[in-house]
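Below: the structure, in structure tokens.
Chain IDs A, B, C and D follow the sequence of writing; residue 1 opens each chain.
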Amino acid sequence: MRLSLDPSTDASEYRFAHRIRTRFAETDAMGVIHHSAYIPYLEESRAALLRWAGHPYDRVRSGGIDFAVLELYVRYRLPLHFDEEVDIHVVVARPTRTTFQIGYLLEVAGETRSSAVTVHGAVDPEGRGVRLPPWLTEVADLTRAED
Amino acid sequence: MRLSLDPSTDASEYRFAHRIRTRFAETDAMGVIHHSAYIPYLEESRAALLRWAGHPYDRVRSGGIDFAVLELYVRYRLPLHFDEEVDIHVVVARPTRTTFQIGYLLEVAGETRSSAVTVHGAVDPEGRGVRLPPWLTEVADLTRAED
Amino acid sequence: MRLSLDPSTDASEYRFAHRIRTRFAETDAMGVIHHSAYIPYLEESRAALLRWAGHPYDRVRSGGIDFAVLELYVRYRLPLHFDEEVDIHVVVARPTRTTFQIGYLLEVAGETRSSAVTVHGAVDPEGRGVRLPPWLTEVADLTRAED
Amino acid sequence: MRLSLDPSTDASEYRFAHRIRTRFAETDAMGVIHHSAYIPYLEESRAALLRWAGHPYDRVRSGGIDFAVLELYVRYRLPLHFDEEVDIHVVVARPTRTTFQIGYLLEVAGETRSSAVTVHGAVDPEGRGVRLPPWLTEVADLTRAED
């Protein structure tokens, strides 16, 4: 287990945020957003972060690298509801030779709803681990990874 | 528009059925199974039908053919609920040189809940249309496609 | 079967469009957006249309009315890919006492990728059919339903 | 953060397992099962466990209790592929007055693919924390929670 990041619940510690709006298809019979729907939100925000940082994910992939998800942690604090706009603050942190972590803070109108961490490994198209591209460390710096 | 099949609501007219159990993740805030969740049910039942007919879909795909979905029609008659077991009756029909249709009847304990049709085209890995494999007509006969 | 709308592939015939960006989670092993992922796109665009027309869906629902999906038709013309921005043109049409239809045109950079129709019925929280709210006809006019 | 369980990768330490078959809809453009698809697998297996233990989840819910997901952790060791049959071994552990944890081991033909933990809290229909039902401890014992 590599997961070690503890994402801050203080939005001012993040430099990048991505906004999504919850979909009705993502609600469940408890009347809230189903906990599995958060995972694509996280993925969409890290894709948005890579685009913002000048490394769109489809270009990363066509360059022969994928960032496989090795570990995932989500803490559900308060539920999300249909049609809410969620600000997802994202930070890239703890790059090693082959892995890095991403921290997420999900807020609605400034209220913390959830936080999350994903651990990623760079892999080639056959799924074998490869070295992180050097720009990943710059992206981590850009997002002010607090280590 | 090629879709022309009108699936029977009489289960005795089908020779193959596949049973699924609805998931809580597939419910929505109206307390029923969300209408988008039916689409993977249909796909899972046609994969089960191909397996039953001796042509598992992963072998079809590794043979260089995919059955792309060209059209989709679903009629929602009565809702599905969490934890219900759904019998999906499936029939393959109307093969042409490059396309075929599949009809579906969704029942719970003998009660019609939904019916559906998909239209498929055989494509190569680049997505170009190719001729249907000859065994497809046999599969259609096996499922007693009423034309 | 009530579905009778044939959505125009001419974007200029629509007054409202909603843009979504495809998610990586929505791709499949054929390398394109899975056909089931379109259904939440359609739902998100009609929610956006209702919001634009001054009748946000959560307010409609808290007013005791749901717009149940009775029928769904999708025609897949050209695939969608990861990270594409899709313009979904939407029109509300053919209101009756209890039902209406919605037509959709999905374009990427002006190229038609898909079209779709949903048929909806107004229902109360117990799922019983009720009369359409009177403003629905105005919304249909707003979107220039071509009957 | 309450999550403290470290699920065994030795299947013989579990008394209950549930088998699912992966769906094509759950694959992604990397050709494997998308990491978000695992979350409904976990949910389906704990629903199967509750049914096996004599406390089906819909009866739990109609009795006025929901088991909200408070935390989620997944470790992805080896990918899952389309049409694989996955044995999900499940254990209930560490009940407190209001929370409990569930551990999961995902295997295909005896090979470890993934492990996971969820932390749950008993809530009433308004989402307020309530005491765990007393039978939950018995279910934990049944599944041989190694504390």
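Assorted remarks:
In this text, a contact is a pair of C-beta atoms (placed from the backbone, for glycine too) under 8 Å apart; a residue touches a chain by one contact, two chains touch by 3 or more.
Quick caveat, the model's predicted, so the values are computed rather than measured.
Relative to chain B, the most remote chain by averaged C-alpha coordinates is A. Counting every residue number used by either copy at the chain B-chain C contact, over half are found in both chains.
In this entry, chain A maps onto chain D through a rotation of 180 degrees when their C-alpha atoms are superposed, rounded to the nearest 5.
Annotation: 23 Å between the Cα-based centres of chain B and chain C. Work out the mean CA point of chain B and of chain D, and you get 29 Å between them.
Annotation for chain B: residues 24-25, 32, 36, 39-40, 43, 82 touch two or more other chains.
Residue ranges on chain C touching chain A, taken from their complex, read 21, 23-26, 39-40, 43-44, 47, 56-58, 82-83. Those residues of chain A whose C-beta lies close enough to touch chain D in the complex are 1, 3, 30, 32, 35-36, 39-40, 43, 66, 68-76, 79, 127. Chain B makes touch with chain A in their complex at residues 24-25, 27-29, 31-32, 34, 36, 82.
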